[in-house]
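In what comes next, subunit A is part of two complexes: it sits with subunit B in the first one and with subunit C in the second one.
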Partner chain A sequence: MIRICSTDDVVPGEGLRITSTVPPIAVFRTEDDEFFALDDTCTHQDASLADGWLEGCRVECPLHASTFDLRTGAVDEPPARLPVRAHEVEVRDGEVFVTLSTAVPHLPPGVTLGAS
Partner chain B sequence: MTAAPDAGVSARVSESLLRTLGGADYVDPAVFAAECERIFEAGWFCAVHASDLPEPGSFRTVQVGRESILLTRSRRGELRGFFNVCRHRGAQICTEPSGQARRSFQCPYHAWTYDFDGRLVAAPNLTSMPDVGREEYGLRRVHVREWLGYVWVCLAEEPASFETTVEQEILDRLGAMSNLEAYDVASLQVGRRITYDVAANWKLIVENFMECYHCATIHPELTEVLPEFADGLAAQFFVNHGASFGEGIEGFTVDGRVGLERLPGLTSDRDRKYYAITIKPQVFVNLVPDHVIFHRMFPMGPDRTVVECDWLYLPEVVASGADLSASVELFDRVNRQDFEACERCQPAMSSRAYADGGVLVPSEHHIALFHDWVASHVR
Partner chain C sequence: MNGGPGTVVVVGASLAGHATARALRGAGFDGTIRMIGEEPHRPYDRPPLSKGYLSGTVTDADLSLEGVDEDLGADWILGTRATALDPATHTVSLADGTHVRGDAVVVATGSLARRLPTDLMGVHTLRTLDDARALRADLLPGARVCVVGAGFVGAEVASTAAALGLDVTVVEAAPAPLAGPLGPLGPVVASLHARNGVTLRCGVPVERLEGAATGSGRRVTGVRLVDGSRVDADVVVVGIGATAATDWLAGSGLDLQNGLACDARGATAAPGVVGVGDCSAWFDPVRGRHHRVEHWAESRDRARIAVDTLLGTSTAPPAPAPSFWSDQYGVRLQFAGRLLGHETVTVEAGDPESADALVVYWRGDDAVAVLGMGQPRLFNRWKRSLSALPVAA
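And now, the complex of A and B:
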């Protein structure tokens, strides 16, 4: 488990892109003050889900409107076809900790591990 | 060799008359471009009604001078105006005249995506260009303000003074701002909107609106309701002069029948009066006891002007579903009569016979002030 950021770093209803991980992840803070973490890059094209539209327990990719479940990373409809990985989150003393998934990430064409 | 029969005429006109602008001022693309640059893209321009943008992401695109302007509301409901130009390769972001954006404005070409504050929120591969500033490459903003229930924009880097331009026009016409405030225009709702696509230069339309020499000839219905218009004197010449309804006229309607519920702020001296205001360069306002008629002109080219005209009533009148047709029809007819006259003039503007322009009779002399105003901006 690694410390990712402080809770105050994430605005309620928004996401924060974290580039210290490989690949980058997005930490989301819902309006209900729950925290979630997904791979940040949409599986369809290189776009940051942290910049997406957060509503309830889903985030909509800002480019082509596929939405991903914050709890599972599952995608609802094309153009994205593959899920993003969901990471386990723990909030302790105002700090956000994440256990990165060990699954193989689904990155879009042209994006490779290590590219930030 | 004999002189041409009209030689020398251009040098002077009879004492009663003043000269108009020359015909070329109404057809020359270079003149129109200068007017766009120095007038429409420089000063305050009345763009849309605030109710045209009911919620975040509601949008209208309007032509202001040579620019397409995108108007919307931010996620917090604040008015926003942008140049409708993608910062990437210049594609027009919104091609529809109006609509509702769901989450953002996305360029249909390469999907550069802007939030309702104009900030660049996403673009393909943007994450690999961290040096591309989201504000720096956001949509270019224009100045926006709301007044009389309308959204006004100013495309200048430093906005013009609203007080010494727009508000001064009201003072010049009505003498005091309180004379307009009595109508509480901002509280009224659009009961009806009619858009006219007029094949005439915008100045012909302004000039037409400013004078009433034509009223008895082309506006039979209006002259029935406002008999003093038959004298040809301008309703807009005397400060705070309102034209009185004729005897037996019960309302500002096509046949003089009773109108809708009277605006509550009016004193009895305004109960049977019509006031007309020109807010240069592109707004005309008519005030009558039960409604307000609000015209916005969009000059599209030297020989084409789109006019959006709103009939504004009390919210309860609009909500009641009351029949507005007799009320709307009066000024709709006036508009059609006026625009037909303007369209009749437009082809003659390029005639050799009109190269030096025409003349203004005394009841039209104040139109020369409008010509001076245009010249002071353009020359």
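And now, the complex of A and C:
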């Protein structure tokens, strides 16, 4: 488990892109003050899900509006067709900790692990 | 589905048809779905055809629209063109002489790229996967490319070809490119061409395509413009818009003035016949008239509404603001809303001249449209706050 950020770093109803992990992840804070973490890059094209629109337990990709389930990373409809990885989150004393998934990430065409 | 259709015939196996089939299953429809597609391919995504697929970063497998474990349980009739519809009996005639009959019909036959009259080799349009493969094979090192039309397809092809290191010229008949879709920001976006080493010539329509005999047939050598000048070219890409693929409905009695006329929920005048996607012109309550759109997002998002219409349910979320995107020269353009002309614009963030900006279009005090250039987060917030009030006649 690694410390990712403070809870105050993430605005309720928004996401925060974390680039200290490979690949980058996004930490989301719902309006209900729940925290979730997904791979940040949409599986369809190089877009940051942290820039997306949060609604309930879903985030909509800011480019083409496929939506991903914050709990599982599952995608609902095209253009994305592969899920993003969901990472286990623990909030302790105002800090956000994440256990990174060991699954193989689904990165979009043209994006490779470690690319900035 | 008490009283609902037992068999739905979907004519068109691209985005709109596929999304409708998905939405039918998503709504619990457990009857038969027959998917008819003129192209031999399973449903695939067209936007990458002018971008990543053309440049080689996107593969055939990446283009699929079908989910990884998706099984719609549909009967697929691919590689066969529909030739007629009898709305009364929900019967679709196919080019192979057979007929497919259902209890309801979804018309999702899309649009066709406009062409210039020519049989010269080296002249392309870009609409289908096969079009993209043929064009890709022609974009050889050293090829001189002339793109006819500075719309989005033309601009994206020009951008991709320039990134491949090719010499590219874009010719546009209108004096101001993209004025229809982007209003006063059209020329600003079109200035991306010159800033990326692509020549753009506006206000000069094409007189004719010129060619010469080669060992394998007559091939294009250049584009003659009405002012007498000529653009030398080994490859010509014609991107001058599209027309609704509704010819096959000619004898159906349905209203086909500019696309298949549908109400604001996708219903045509014929019971049990709905239209979705590029071929359809839904009634737009804001414009107060039927309006055909060719946007990817509408093709996907309206499918659920059309399924509600077919099944007599009302489960679909309200349609979001009409929107489209374009990626060119490394700039991500996103647009949402409706331009009717005479809007004023404000720059809410960034600077359009540096291709990083958020621009809002106003009618009076109402924000009615938004253009993002590389501003996805802001764009999505503005998109949700746009006014969609009917325009006073």
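Keep in mind that, in the parts below, the second predicted complex is superposed on the first by the 116 of 116 C-alpha atoms of A that agree within 3 Å, B and C clash if a C-alpha of one lies under 4 Å from a C-alpha of the other, contacts with A are read in each partner's own complex, and residues count from 1 in each chain.
Heads up, the rule we're going with is that a contact is a pair of C-beta atoms (placed from the backbone, for glycine too) under 8 Å apart; a residue touches a chain by one contact, two chains touch by 3 or more.
Quick caveat: nothing in here was measured; it's all calculated off a predicted structure.
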Superposed partners subunit B and subunit C on subunit A - clash or fit: clash
Which superposed partner A:3 touches (first subunit B, second subunit C, both, neither): neither
First (subunit B), second (subunit C), both or neither touched by A:71: neither
Touching partner for A:81 - first (subunit B), second (subunit C), both, neither: second
First (subunit B), second (subunit C), both or neither touched by A:109: second
Contacts of A:92 with subunit B and subunit C, given as first, second, both or neither: neither
First, second, both or neither for A:17, with subunit B first and subunit C second: first
Partner chain(s) touched by A:41 [first = subunit B, second = subunit C, both, neither]: first
Selected from 21-29, 111-119, 165-173 or 291-299: the stretch of subunit B that, after superposition, runs into subunit C: 111-119
Subunit C-contacting residues of subunit A that also contact subunit B: 47-48, 51-53, 60, 62-65, 110
Interface residues, subunit A side, partner subunit C - complex: 47-48, 51-53, 60, 62-65, 75, 77-79, 81-82, 109-110
Sites on subunit B touched by subunit A in the complex: 102-104, 106, 111, 113, 121-128
Sites on subunit A touched by subunit B in the complex: 17, 24, 40-41, 45-48, 51-53, 60-65, 110, 115-116
Subunit C - residues contacting subunit A, complex: 15, 19, 22, 45, 47, 52, 57-59, 62, 64-68, 296-297, 300, 320, 325, 332, 334, 376-377, 379-381, 384
